[in-house]
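Note that the chains take the letters A, B and C in the order they are written out, and that residue 1 is the start of every chain.
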Amino acid sequence: MDAILTEELTKHYTIGFWRPRPYVALEALSLHVRQGEVFGFLGPNGAGKTTTLKLLMQLTFPTSGRAEILGRPVGDVSVKRRIGYLPENPYFYDYLTAEELLQYLAGLFGYSAAECRRRVTSLLDDVGIGAERRLQLRKFSKGMLQRVGIAQAIINDPEVVFFDEPMSGLDPLGRREIRELILRLRDRGCTVFFSSHVLSDAEALCSRVAILVGGRLAAEGELSEMLAFQARAWEVVVAGLEDTVLESVVASGEVVRVTPLGARRYALELPLSVAPDRVVADLAARGAQLVSINPVRETLEDFFMRQIGAAPRDRGLEPLAR
Amino acid sequence: MSARVVALLVVLMGGVVGLQALHERGGGPPASTTASMLYVRSPEVVKRLALSYKSLLADVYWIRAVQHYGTTKLSTDPDKEYDLLYPLLDLTTSLDPRFNVAYSFGSIFLAEPPPGGPGRADLAIALLEKGLRAQPQRWELAQSIGFVHYWWRQDYDQAAAWFARAAAFPGAPDWMGPLAATTLAQGGNRESSRQLWQQVARDAEDEWYRNEAGRRLLQLDAMDQRDVLQEAVSAFQQRVGRLPSGWDDLRGAGYLQGTPVDPAGAPYRLDSGIVGLDSASPLGPLPRGLAPLR
Amino acid sequence: MRLIGHVAVNVFKESVRDKVLYNLVAFAVLLIAVSYLLGQLTAGQDIKIIKDLGLAAIASFGRLIAVFIGIGLVWKEVERRSIYSLLSKPIRRHEFVLGKYAGLALTLFVNVVVMTAAFYAVLAYLNTQFPEAVRASWPAPATDPSMLRAIVLIFMELLLVTAVALFFSTFSSPFLSAALTCGLWVIGHFNSDLQSFETVVDSPAAAYLARALYYVLPNFAAFDIKTQVVYALPVPGSYMVATSAYALAYIALLLTTATVIFSKRDFK
């Protein structure tokens, strides 16, 4: 059974009061997410990522198509016991404290009072909220609210979690912590479905990704496969390279690009056709030291930009800025 | 929307309508005879409280005055108290001194004796005098004061004085002066009364006022008719030597044909030689003291 | 059921933290101040005026709370998007709507109870300020328990006003909801005039429409028995039952419709 399944999921809106025009938020999205994987749902702003998540949470109703979570249709209340959701830019009740909010939401699952307290305490520790937990939420910074949001999403030990921009508002330390939390969730067997436009996070965490552009699925698959054939060059980093040696190397035409890294240290980019070990041996003979050899892969960002450029833009209207 | 939800909505709607019908059949909220309570009677206070809504509030008080009069008159309570009528009219005219219909209403219905009104001619005059202070050039108010003295208090000297004053106002009709003179000379008489009521029947803007004038005119006609019948009774008595016991006697003696009815259609009665209106006649009681013009 | 209560308690907590219950302080101050002033100025009719004022204040404060919190009950959660995380939990949309209603009803209940207690306390104190002869002339004792009937019907009216406000809150913005709720209250108060409309109006279509509206629009005037209890006039128990049943039926109708509307909503 797939954790998440959508079939031709479509959402059309009409915009405008006097002359209503159709707006395609999502068109015929079909994808499936297997249990236990970390799935990245990527796309530029306005691509329809949040719409998809809202359809999965049944906050909106599809124009056509269907979706399932853990084998049941979306909106099924029994399934909601087993999932968690972090909305984008979450807002909670600012007159409650962090503790009270989590206890309120935990109470919806029917846990006993003691069980609620236990979960709330350990969760707040997990997401890194210490003494602030007794402060009213109206006093929280964006980063702290984000942490509270993540806490409320996993309060019921869900089997599938849906994160909409989980890293938004977090400082680098926070991002690292949440990355580690996501990995811990994966290790526990939880399926993580998160949407983001921060590609480095996806690269670090996901096994599979889908790229959404203009409401349509532009690409989907294993990350490694998508990027596998895209190694395009070798990068050789050498130290102690004399200027004369450098000039001759450049003159030979074998080096595509030279990046000085300071103090006679250089990163040389060689095309795939040139065997890097031969060049290294040659440089070593002339007094340079090898620091590293790495294949230069296309990054997810490069891949991403190509997908965006290629995808058609006709959805009835230019995507609205949110 | 599922069929069950639709059914539920229909049932609830039916319940709501049914209970409302039940409420209406029960006569609404339990009767509160003293539901009439004016918290603030002082015109000064009300004027201050009204802020910029004086006209609107005057309308509200006017509506309440009319409602109060109407419900009190129609109620089956044996002793009807129109105790809020003057205060409400007073408040109406304090908030809006030009609310002329309130003055007219008060001049008639405050003075009307029970059961049709509180019988307070003095309050009617007080109201009208207040109106005159606010609108010193309005001849109708002066005439109304004279009218109250004339019709309800039978104080013909005062009436004549007020009619004379009214005649002196700008825009007063031509017959006001002669009316004053006649009243002064002859006291209460039917011709002058007729004249006054005919003017109201012609010129008044409100239907109730015109209707009232029409009724008064019929009363005057009834008084004339009664006099004629009374003469026939006296003639009968002189000729036959006793009082007629009923209309049959008069018919038999040739003074009458058929049964006399008053202008409203109710038959006249003859009791111990006195001609009078039937107790069910809408024209009763007839005003007193108005003799025909000599 | 449990979830409805859970949401309700949260609504109550919100109104407490929003300092709504401070209106109780205002009420108490008003009542005490006026009774003191009256004591200084007059002697005699004051107990009636205090009773009238107290009952009217309980009704008025309650209506203000019912409207101004009611119109935001659903709207605020949708507007601020706190509803997103809430609806992802195992709670059904109708449980949410009913929970919100129950929470405001609870707030109003606490409000009315406290105000009633303060009201009777003031009346009990005033009772000691008048001589026996004057007290004997009153139509009803100062701490007359039958005033509770009026307060019960006031509470039913507040529940109905809340249902109206909540209904509008499921689909319209606060300003519009407030206007519509207040408008409906004013019209419902003059409902009986709709009934006598047909005697005044010529067109039979208009008369028919007025009559239909009379049955359909909420009849708020039926809940006002303040004058009756102050003058110790009888209010039959059957009237209390019938009017309360009317309120409950209408509330059920409004809540069902509100739930249907809310269940179909797309949250943008």
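In this text, a contact is a pair of C-beta atoms (placed from the backbone, for glycine too) under 8 Å apart; a residue touches a chain by one contact, two chains touch by 3 or more.
The structure presented is a predicted model; accordingly, all values stated were derived computationally and were not measured.
Peer 1: Draw the chains as dots and join the ones that touch; what shape do you get: line, ring, star, complete or other?
Peer 2: Shape of the chain contacts: a line, open at both ends.
Peer 1: Which chain would you call central, comparing Cα centres to the global Cα centre?
Peer 2: Centre-most chain by C-alpha means: C.
Peer 1: Would you kindly tell me how far, in whole Å, the mean C-alpha position of chain C lies from that of chain B?
Peer 2: Distance between chain centres: 42 Å.
Peer 1: Express in whole angstrom the distance between the two chain centres, defined as the mean CA positions of chain A and chain B.
Peer 2: 88
Peer 1: As a quick test, compute the distance in whole Å between the mean CA positions of chain A and chain C.
Peer 2: From the centre of chain A to the centre of chain C is 51 Å.
Peer 1: Could you tell me which residues belong to chain B and also touch two or more other chains?
Peer 2: none
Peer 1: Sort out for me which residues of chain C touch chain A in the complex.
Peer 2: Where chain C meets chain A, its residues are 2-3, 6, 10, 13-14, 17-18, 80-92, 264, 266-268.
Peer 1: Write out the stretch or stretches of chain B touching chain C in their complex.
Peer 2: 1, 5, 8-9, 12-13, 15-17, 19-24, 26, 28-35, 37, 39
Peer 1: In the complex of these two chains, what residues of chain C are touching chain B?
Peer 2: Chain C residues touching chain B: 49, 52, 192, 195, 214-216, 219, 221-222, 224-225, 227-228, 231, 233-236, 239, 242-243, 245-246, 249-250, 252-253, 256-257, 260.
Peer 1: Please name which positions on chain A make contact with chain C in the complex.
Peer 2: That would be residues 54, 57-61, 77-78, 80-81, 83-87, 89-93, 95-96, 104-105, 107-110, 149, 152-153, 156, 162 of chain A.
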